[in-house]
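Got a structure for you, written out below as structure tokens; questions coming shortly.
Per-chain numbering from 1; labels A, B, C and D assigned in written order.
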């Protein structure tokens, strides 16, 4: 009880802090200089219709690389920690799934995968992008695993996709240093015609790799967690 | 109630979520619930971030039919917090995944989700 | 040059590619990873080189081809390159160290490892605040991954705590960053700095959140339980990375965002820093697990760094020098210790006793421990020196005191630990094996410490004259340690002799006198070393280190040189003392008193430096302010070495348990360093008083009480060497008293007594050492009747005690006589009464010493005892010859001393007519007394011989013993508790009040530490609560008062 | 220093030796008569010495044992000779030009320590016990004595005994005992201890321990000690006479004064029973110490 009241007091203090922080916040009526630059010059400089994508992949591309790295790290740690020791007997008790789920998944999973690919390919044009697409792909995998718990997903494949797309991302970045103005420079490829699929320089390429990578990483995490279900 | 605009409401919601998240994280004894507390905290922060980037009466920063290509600067909200929140969400996802994995591993070793059972290291 | 961006590319590329490799190729994948680490190190090192030598300009790297603030930019400047090099080198070494683990655990761990360092590298280079957040997260997550290297339950739960805590912290950071973005409209740090956000309502809170989050990443006390658990549970190789590399990066980040906060931030950082420094070190006291102890120490060091950063406004342009000196010492030493921990593989610090199975490992460990505490020649020494000087200069006395207190507390547990390593029980400890990959990183970091220490000493400018020749000689002796003892002994003697020969012409006055005591004394005592057999491994470098320090004291012209030498001497003597038997606790208390004393000296020098630009020792002569305080600090500092009452408890054990030829060194020579310090101090500073209270009068009383207590305790000892040790305490009481008189005669007495003390204490310790060597016990009552077995030793002891007793005609009397005259001149009769009382008490222990050992009944088991070896006797008889010379011709000793004193105190000098000394009060002719007494003695002896020449020598038990024939020497030799009635009457005076006092202090501090550390209850929620509460409390501190961040 | 000094010194020793022996005998005689006993003959000490030298069997326990009496007697004679015995007399100033009061004070211990060493070599536990007691007691009365001496030296601004005596000339009102009573009292109390008579005679403790440190000494060795027993107390008497009672300008005055001073410990000894060592230590470090401190403060 004492502890809870202490927590309460501390939380009140923290609330006061947050209140103090935002006491002057009254919504924005205008973009600040930075945002304005992105909005006004973004389409021209980057060629991406989705300004968020422009910011994410180009202007703040290094963040995105870091982001991918974080997922990669998380996947690596999960796979390390949950790695089932070779030779360990596997006696998982798995619930059998319903026919409906099984059948539906067979139809839906390819569609979901396709949708995911669509989302990341169109990342520079519409809401969406590599992360979203990757997440969608991974959700398809979740569905698949729910329907067929016993299915072994090829870790090798996941790793391969993950590594190749990761390396490609880095290589694109380095190519920017070598052949354009800087690391992850968008103008490595021509900007193309604004608003079409083949536009916005390397953004779609990067987003494809990001999508694949994120999809692979999330899938890796999910399969690892799933394989550890009921594991002694 | 004039001040209670959309962004203020979401901001306050975010703050409350942060506080609830911390409260849960501090008071729940079940490891999974603690992780949930963290995700609430994290989500609250993301909502705060988005609220901050909002500009009154504007649309998403995607140049499509709803945006006048020549007046982008006056028709979209700030793309930066949205880009940041994207990154933050992914990071949060990674962290949450890790937390759950650790909890799983701890559970596998000791068959308990009670946080008080993991106090071996102290002082 | 290879662009810094390639650090990222290489690291990421490597990490991503590692996925291709399978376990079968682990050697190849490890090589691949190592190559990446090496390449990162190469890039950063290459930039460092360019910045240092080629006037390279700081460069900005723009990503995505846009300028900031539109894109993320990185910066590479001198500071960045230094930190990057440090971190990457540690990373490279850590990777080598973790060779087995990384290979065994597979490619994931290698990926994580590389990515951790990639994260840290970007964190240092980036100039974008959100990018900073992202890469901090990478580093955090990678760390969390490395923590679970061995997948144990403890590691996993520690990892969980770590993730929860860092996730909360980064959440806070994120809130702060987004708020900053709101207020600043930019994420580019340079832009944000320009906006002075702290003057914007709400902006200040945003800045505060970022600041506090970065500080929390540095694990401040008390919101750091999670980090401690990590240090304890993680593999030591990982602990090294967290402690050394991550913390360095964290500090750099803090420095990077500091300009955003502006000046008010310093206050908060300093406050948190000092709390962390003190709190963490305090709690470390109770810690007995090695890795966790290292954790406490790491956090403490980070606290010190925070303090230094917080004190930037007062440290000015020295901040970087100081902070980096502390940081690099911490990083290399802490990494080294963690790595050693992995080799020793002992959870408890007591288990480190195993380390001395390999003496070289012990040397490495010592290097790290001394570097952490801030001894020379390590960078931390120069940093600490500069820190104290600057703080004093800015009148930040409280900060100065707190920093020294914190360092002292850290010294306690580090040296206790080191003591276990050198002297703890290691019989039952498991073996450890040394692998090449584990030892190389340790060696490299130790060498790095030495190299950077040397580099640092050249940076200070005034340290350029530091005398490294003796230190090189020490290294030489270490290199030839495999040779037999007589060769090394000869080389050592030759070394000292040669040094004396080349420095002799430059010495004068007191320097000459003390140089002779130190160096000639050293040579004489070293002669006894020929009596030792075998290799005497490690002995000579240590002896030479002590002498190097002593020489340095003599030669010092600046306060820094003096302090440098003082600390070198302390190291050498510490090791000499701890070489003895059962010496662990004594060496620890010696070290603690030494370190405490040294800090007082440091503080004193610092205060003396206020308002003066020079560093010469002469600044003491015209201090601007705090003169009496400076004097008191320095005096107490020096008195820890002279073992004045209250500060003496280290001495008896230390001297008594030392080896037979080390005891005279530490007793007869080392204590004089304190006397020399006092002399320098008193000469420079002159009369000092607090208001009307004369400090010298207090010193006189301290001297008097020391003399009485020292002598009385000596009288009650059963252990011969302990008796001599207490006698030293008493004798230095006389010297202190004499010095305090501040007159010609007082000083003449003090200095001549110091010389005499050197002689008889060498004589007695060597003689008793010889006896102990032969009879294998130090308990006097277990000896007896040895006069017939060891007649030469007996004569030494006899002469020695006559000198101590101050009975005419031998030279000890001269000191007494001068002291009487000095007292009459000065008029301090009450302390003088005590001094003379002490002189009489000296008879008690003198007699006891000679009686219990040499006279009375010979024990049966000693019937075959032989005389002490020739090489033990030789130095004794050399000294005996000098004593006889000084006794017969007292002015051969007193005149030169008098001349040395003359320039400072001319009044009341003795007038010499031949050998007749005339003072204002009386006169004394030592030579004549010698003849008269000799004459009377010969006449009386002749008379007795004439009357009684056919006396018959009888056997041992042929005594008139109440008509019974005693059969056992044990019951007949009255020696145990010899002064029982005296003890009954005055024993209460020597009840161990002082040691009880220090013990109570120590117990109290440990109890407090134990209570406080209960806050770390091992529960992740508690730790998070600490974090939130920490934020709230410092929010209130920063914004609550009128201060405002 | 000339050789005739040696002759005068021998003369001094001769006079003081005889005086000391007679004093010893006479005082014992008086003590016996006071106690209603017949007592010894007044010349008994001479007889004892002659008897001891005449003994044919002599044993020794070793070198230190053998030379211990030499140390003892050298101490006694030295003490005597380093003082001016007769004020104003060059002849009986003896070797006082070699050192001052400090020398005299410290030279007392020469004999004590030498004796202690020799006695200890005998290996007889009673010797050792006696030494332990003796040294303990010596240290305790030394403190009031030192304070008194410092007070006196300060009073006369000199450590030169001759000058101290000179300052006290001109009637008993100039004696230190009158001019500096506290110092004198402290010293006189210390003197009780120095003389080793009851109540501070536990060192020799004639009843329980057969004569303390000298237990093992016999024949000629004991004879030398007996010589010292005549000279050493006499020398101490002369020292106190010089410091406190104006010294003596001729032998008659010296004999009179020292005899009267000697009565002081004799009376005290007759009245008070013996102290244990710890008792005497405690006592010396209370009353006389306080008096000594008062003397110092009053200077």
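What to note about this one:
Rule of thumb we're sticking to: a contact is a pair of C-beta atoms (placed from the backbone, for glycine too) under 8 Å apart; a residue touches a chain by one contact, two chains touch by 3 or more.
Keep in mind that this is a model prediction, so the values were computed, not measured.
For the criterion of most C-beta pairs in contact, the winning chain pair is C-D.
Subunit A and subunit D have centres, each the mean of its CA atoms, that are 106 Å apart. The mean-CA centres of subunit A and subunit C are about 54 angstrom from one another, to the nearest whole unit. The distance from the centre of subunit B to the centre of subunit C, each centre being the mean of the chain's C-alpha atoms, comes to 51 Å. Look at where the CA atoms of subunit B average out and do the same for subunit D: the two points lie 99 Å apart. Residues of subunit B in contact with at least two other chains: 18, 22, 26-27, 52, 80, 84, 87, 91, 94-95, 98, 102, 105.
In subunit A, the residues that touch at least two other chains are 7, 11, 14, 18, 22, 25, 32, 34-35, 38, 59-60, 63, 66-67, 70, 73-74, 77, 81. Shown for subunit D are the residues that touch two or more other chains, of which there are none. Here, these are the chain pairs in contact: A-B, A-C, B-C, C-D. The touching residues of subunit A, counted against subunit C in their complex, run 6-7, 10-11, 13-14, 17-18, 20-25, 32-35, 37-38, 45, 58-63, 65-67, 69-70, 72-74, 76-77, 79-81, 83, 159-160, 162-163, 166-167, 169-171, 173-174, 176-177, 180-187. Subunit C contributes residues 130, 134, 137, 141, 144-145, 148, 151, 153-154, 156-160, 163-164, 167-168, 170-171, 174-175, 177-179, 181-182, 187, 225, 228-229, 232-233, 286-287, 1013-1014, 1016-1021, 1024-1025, 1028 to its touches with subunit B in the complex. Residue ranges of subunit A in contact with subunit B, taken from their complex: 4, 7, 11, 14-15, 18-19, 22, 25-32, 34-36, 38-40, 42-43, 49-52, 54-56, 59-60, 63-64, 66-67, 70-71, 73-74, 77-78, 81-82, 125-127, 129, 131, 195, 214, 221, 224-225, 228, 231-232. Subunit C contributes residues 785, 787-788, 798, 802, 805-808, 813, 816-817, 820-821, 823-824, 827, 829-830, 832-833, 836-837, 840-841, 843-844, 846-847, 850-851, 855-857, 919, 921-925, 928-929, 932-933, 935-937, 940-941, 943-944, 947-948, 950-954, 956-961, 972-975, 978-982, 984-986 to its touches with subunit D in the complex.
Subunit C contributes residues 3, 5-6, 8-9, 12-13, 15-20, 61-66, 69-72, 105-106, 108-109, 111-112, 115, 118-119, 122, 126, 128, 130-131, 134-135, 137-138, 141-142, 144-145, 148, 151, 156, 175, 179, 182, 185-187, 201-202, 205-206, 209, 1025, 1028-1029, 1031-1033, 1035-1036, 1039 to its touches with subunit A in the complex.
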